[in-house]
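Input: a single structure, listed below in structure tokens.
Note that the chains take the letters A, B, C and D in the order they are written out, and that residue 1 is the start of every chain.
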Amino acid sequence: MNKTLEFLWHVPFGDFSLRLDPLSVLFLTAIFILVLCAGIYGVGYMRSYQGGKSLGLHIFFYILLALALIVVVTANNVILFLGAWEVLAISVYFLIVFQDEKPSVRRAAFLYLIAAHCGTFCLFLMFFLMAHAAGSMNFDVMAQTNFSPVIAGTIFFLALLGFGVKAGIFPMHIWLPYAHPAAPSHVSALLSGVAIKTGIYGICRILWIIGVLPDWCGYVLLILGIVSGVMGVLYALGQHELKKLLAYHSIENIGIIVLGLGIGLLGRNHQMPFLAVLGFGGALLHVFNHSVFKGLLFLGAGAVIQKTHTGEMDHLGGLAKTMPLVSGLFLIGALAICGLPLLNGFISEFIIFFGLFHGLLGLPLQGAVLCALGILSLALMGALALACFTKVYGTVFLGEPRRPTLPTEMPIKTSPWMIVPMVILAGLCLWVGLNPQPMAGLALGGGKYLIHAAPLSVIDLSEIFIPLSVVVSCTFILILLMAFLAVARWALLRSRPRPISETWNCGFSHVTPRFQYTSSSFARPITDFVKALLLLNRHGGKVSGEFPGKMQISSSVHDASEERMFRPVFLGLTRFSKKLEETRIRYTQIYLMYIFFFLIFLLAWKLK
Amino acid sequence: MTTWIDASCIFIVFLSLGILATYRIVGIIKIFAAQSFVLGLVLIFLHAHNLSTRDIVISLGTMGLKGVLVPYILFWAIRHVSMRSEIKPVIGFGTSIVSGALLIAGAFWISLSLKLPGKPVSDLILPCSLATVLLGFMIMVTRTRAVTQVLGYLIMENGIFLFALSLFDVMPAMIELGILLDIFVAVFIMAIIVNNINEEFEQAPASVSRSKMGETF
Amino acid sequence: MLSILIMIPFFCALCAFLPLTKQFRYKLFFVVSLIHATIVLLFWQHLPSPEFNGFLELDQLGLIVLSIISVLYLFVSVFMAGYFEHEQRSNRTVTACLLALLSTMTLASASRHMGLSWVAVETSTLFSAPLISFHRNQESLEATWKYLLICSVGIALALMGTFFLAIAAHDVHTLLLPTLLNNASSLSVNWLKLSVIFLLVGYGCKMGLAPTHSWKPEAYGQATGMVAVLMAGAVTQCSFLALMRVGQICSKTGLTDFYSSILILTGLLSLGVAAIFILSERNIKRAFAYSSIEHMGLLVLGLGLGGVGVFGAVFHMINNALAKVIMFLTAGSIAQKYGSSRVDEVRGVIHVYPVTGMFLIVALLAGTGMFPFATFHSELMILNAAVISKHYILCVFAVVCLGLMFIGMARIILDVVFGQPTQPVLAKKENFFMNFPIGIAALLLIGLGLWVPTFLEKVIRHAALLTGF
Amino acid sequence: MIMILSILCHWLIVLLLAPFFIGVIAKVKAFFSGKVGPSVFQPFFDLIKLFNKGAVYSKTTTWIFRAAPMVLLASVLILSLEIPLGVFKAPVQFSGDIFFLAYLLALARFFMIAAALDTGFSMEGMGASREAFFSCLSELALFMNFITLALLAHSLSLSHMIGADIPMSWSHVGPALLLIVASFFIVLLTENYRIPIDDPDTHLELTMIHEVMVLDHSGVDLAYVSYASAIKFLIFSGILVPIIIPFRTGDLVMDMLIFLGGMLGLAVCVGIVESSMARLRLNRVRNFLLIAFALAFFGFIVTMWRG
């Protein structure tokens, strides 16, 4: 499947050439699904803003974003790609800044814009390097070129910087946790579901163009994947805000995807095509899966926030009773993101696990050790994600409402415009989870495409498809068994008394909903365990005296990469600039002195 | 004639150096006037063998404009604007004279590798004009008052004019360019004076922002 | 034809000094701009014949600069209609100086004589100075003074350079460019080198290249939007044209490496200085001035890198001019509406003036080279030239500077555009005449970014080839 | 058809054997504290009793609370299909079934934690929180062990990993296997909430993990949960015993007896540990689990070194 579409386009180096190959098809699938679902959802979601704000601009940029996304993943020309890439960045900016009266929204959008644009500059360098080596600005011509290892390594490094910022790979992710909560929910869904995936697409495209990359690239990808996966989920655990938490989970999932790409690259370098296909295919499948379930989760979060007007988890609770449909759909998303069987997340994680174990058994020592680390971190990510989503689901939907202000009438009506897309996405989660063959086939096909396998070369994929089919049949047995147990339970309880009462409260009296474990206290054992990494801050809460009065405790988690890397650098630069500015204002002579010295310098430099 | 030209050139540089050592604005203006007179003389010396009317006009024009008119305007300005005549250079007098000497040495050093085409009347014109330009520039850099900066610029401009004189027979159009620069300078001075008068009027509120705006005036 | 083109604005400038009504002066200005533009349009059909023994002749480079000037005047003349609706002050000095400036800039772009070019640039400095002090307050006079001080030093240096060039061209006995180029081998290399250094520093002062840039933020910060547009988009380009002329001579005499190394150094310095200073800037106009310094740096960099870079630089001249129209006209209209252009006093523009707010964002995107705007392509080409000529570290440095620049610009502009609106001084309505030229400029810039017409590309290519880099 | 039969048979054995070992542990504990203790079949009686009872539900809870025990029991039953029981081969074995095992456990855990939070009381939340934390650490150790075993057996299927290659591995990398056994034993104790991690018999809700989570379950639901716990113990010992006792005589009856003996021995061991140790302080538990991980990691290094 390689179709190229050419139009006349007259700009320097530009060439309006679109290309459809397995890689772009996979991303396009995700884009189409999510753009449509989020769009439909937006109709219902934005209704609450109607009248106060003009929605025309929002709709315009939404459509622009959709177009840009499509062009980005199909562009075959550097200029076209970069152009679409910029348009993508700008339109996302405008979508995020929708509620610009809030300073936090403005700040988030600003951060996003800067990150996106600075990343793009790295891409400029990278593409020019490639174009210079290949002598063409078209991707398919570049792919025919043999790059020298140094050039290939440099390109790869720049790609990691440029695309990594967009994708939100760990140290470059700082814009992501701010941008997602700031945007309207359907935009966050789109942002997390497909916009950040364009970064992954970019890395994939580079992997495809540069057929031979040095070995260290694979290791770097693996390490980055591990770090951003684990750090992402740890930071997610420390969050109180629903959408911010989901945003950090995007970082985690990007980590998983990068992990898969790393395995694929190692496999390709060590002539292990099966391993390579597993890695790339798993990563690509996870791209699709993540966009589906993360989209679902963000839409669900949006439905909650629309009705309760807060995303603060410790203020919510008991919504499963008032919003049963939304809570059920959210549960599906939560199960999927934890990679639990029945749902799509498991399939892609299974393939990546499979690849990691293959790498462990087949790769040379350092590769094997990294694979082992990868397995461990993936397992850890799974367990932590589980902790995190039980926390989310438990505090938001289960238990009792923590604030009396929460709506209590039963059930809250959610607009069908919002429910239908969520149902579609949840259905897709289940479909891929219970019938993985079509999507996995597509993704593994993409993986094959990435290793430049000749179309007829035989890579026996049954080794992965057979376990998958067994998994699926086991899942069906599981469902049957659950049904059987449910029937048995019903039969046993049918004739017995089933009184309804209070929860057993261990003999306490005057139990109020505020007794409930909050999300922060739920996560506390883990966040305490890694508090050095999370820069955990806790204020108050020290009880003293026999009759302690009212106490307050608050805790917050700070992003290490933001606090320790970017902020100091930027602050330093600003301070430096301020200092220069002051001296400049004070003395006019300095103006002249600059010219004088410059002249003298040029004379001394050039005339001797 | 060459001796006279050489002597004038040296004198011009010496006067520029003298400005570096002067700290009263009145003194600087006087030195500048003297320098401009010498400059007018150089033109006559250069063409002593066949003096044309044009040469005399330009020479007298230079003397009149720079030697009389500009100093007069400046004196007028100082009197009317009551400019503080004490000036405080950025670097001390000793240092500025030493660096001035160094600049002169540099100008001669640069001139070593540059040979004027044709048969130059005097080989001192090029280094001396360069030195004057650099010294003028240095005065601009080291002095803090607007008037002294203008004077520095005028000195620099004198150096350029001296250089243009040496090109007189090579490329006659050059001298016209030099004169254009003179006109430019005249407008420039006018602007400063307007500026200064304006500042006098707005003295009171401006004192607040003084520290912010720098110490130009 | 060329001399007529120079004389018309000059005489009209004299006319403008007569006691006339505001309306009449404005109409005069508009008509002159229109006539100028029409004649320049005719030049695109076929270039005019040389005049005054070849002192005036238009080649492709000159044509591009001339067209830029002409288009900018057209924009400004429309904008002016809106601007003076709200302005009490007389437009006598402004109109006269602007017209005189048009005349001198036309001369600068059509001159084929290095001495004449210098004269043109010098007089343009003279005529632009009163424009800066339009507001007649302490700050604007101070800015004018700084502008005059630095530019006059630059002009003196450029004159020195011209003298040195004359000495180098001793055997040719003229400063006419074609003759110089044809007899390049007889030029004295040592003198030429000296001349190039002085010319670069001299014209660089006028163009606002670091480290001679320091007048820019002051002057642009105080000048009205229209004047800033013409200074940043047209006056600077005249100096750049002179630098390209020097480049032509250098390439013929084998001084390409010598010249380009200086250009690259200056370009990088400009980028770096602009990037550092903009970070602590809180005034839109001054921020745009830093952006102008950055773009000048890019132009010089493109010229110094050669090859694609020159094409990019010439293309960037056009784009930069259009971008400056958007930037400074918008800034001007905001400064008039709010009586300030400081971030602390102007906020939430988009809620009060939606169109102006959008234009500010467009200014940000255009000024920093985002995609649908043609600045994107030209910046890209200049960076590409750096990679092609294997200046990798340079390229990384440039990219870092562009990134910082973007941060600085975005911070100021987005702060102004969004947020809780502050109360404007003037009435709460948009002015069509002020918005119209900005909109057209934005559309033109987007149009160029999406489609570069073949005829334009041909001319740019030809012009780039002329420099020989 | 044969497949279905073998699955059903496997389930039958599992369902019959599982509560028995729990009874054995209780008996051993009683013995060490100088009592006679209940019969080893007591867990069966308890289960029957629970099955015949009605259930009390809190008005706070939702369907999650009711579904959790079913998910738990169904999951462990599916899991048990992957475990070979002596001569009875595992009916479900495929490349990569270890992940399926781990993730099914996670699925059950998800629902149990959600059910605990569903009750809306702090005690359950406390238990759920601890469960989430400790399972992270034990999962790490578990996977580390799996990695080493997979390296040794060159296979991703559990049945292979603890199957034929083990005797050879003992001779080849004996120390590593020893470390694995130690580490896995700790994982077993954790996953089954045994002393020193958790005390199933304590009466102080503040200190409990698993028991406090199921505090509100009653009747059939509690029966499901208890049965699932018993099966989980069987599963883990079913993995550990073939590693400890790798002998195969070839004789079916003999092998089966050896296996059962091993299982019994393991249950006795757990009983002894429970009687001789006190429950660890909660903040020590994580160190204990980290020790398990360190042991497993050490085993991995030794294996890599030899391999």
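Note that contacts are C-beta pairs under 8 Å (C-beta built on N, C-alpha and C of every residue); 3 or more make two chains touch, one makes a residue touch a chain.
This is a predicted model, so every value here is computed, not measured.
The interface with the greater number of C-beta contacts, when A-B is set against A-C, is A-C. Note: centroid distance chain A to chain B, computed from Cα atoms, is 68 Å.
Measuring from the averaged C-alpha position of chain A to that of chain C gives a distance of 44 Å. Distance between chain centres (mean CA atoms), chain A to chain D: 34 Å. Averaged Cα coordinates give chain B a centre that lies 31 Å from the centre of chain C. Of all residues in chain A, those touching 2 or more other chains are 588, 592, 599, 603, 607, listed in ascending order. Touching two or more other chains at once is no residue of chain D. For chain C, the set of residues that touch two or more other chains comprises 149, 153, 190, 194. Pairs of chains meeting the touch criterion are A-B, A-C, A-D, B-C. Chain C makes touch with chain A in their complex at residues 146, 149-150, 153-154, 157, 190, 193-194, 197-198, 200-201, 205, 211-212, 214-215, 258, 262, 276-281, 311-312, 315, 350, 365, 368, 370-372, 376-377, 380-381, 383-384, 386-388, 395-396, 399-400, 402-404, 406-407, 410-411, 414-415, 418-420, 449-454, 457.
Residues 585-589, 592-593, 596, 599-600, 603, 607 of chain A are the ones touching chain B in the complex. Chain contact summary for the complex, chain A toward chain D: residues 317-318, 320-321, 331, 335, 338-342, 346, 349-350, 353-354, 357, 360-361, 365, 368-369, 372, 375-376, 379-380, 382-384, 386-387, 389-391, 393-395, 398-400, 463, 466-467, 470-471, 474, 477-478, 481-482, 485-486, 488-489, 492-493, 496-506, 511, 513, 515-517, 521-526, 529.
By the touch criterion given at the top, residues 110, 113-118, 133, 137, 140, 146, 149, 153, 156-157, 160, 163-164, 167, 170-171, 173-174, 177-178, 180-181, 184-185, 187-188, 191-192, 194-195, 198-199, 202, 205-206, 209, 213, 216 of chain B touch chain C in their complex.
Here chain C touches chain B in the complex through residues 115, 118-119, 122, 125-126, 129, 136, 138-139, 141-142, 144-145, 148-149, 152-153, 155-156, 159-160, 162-163, 166-167, 170-171, 173, 175, 188, 190-191, 194, going by the rule given at the top.
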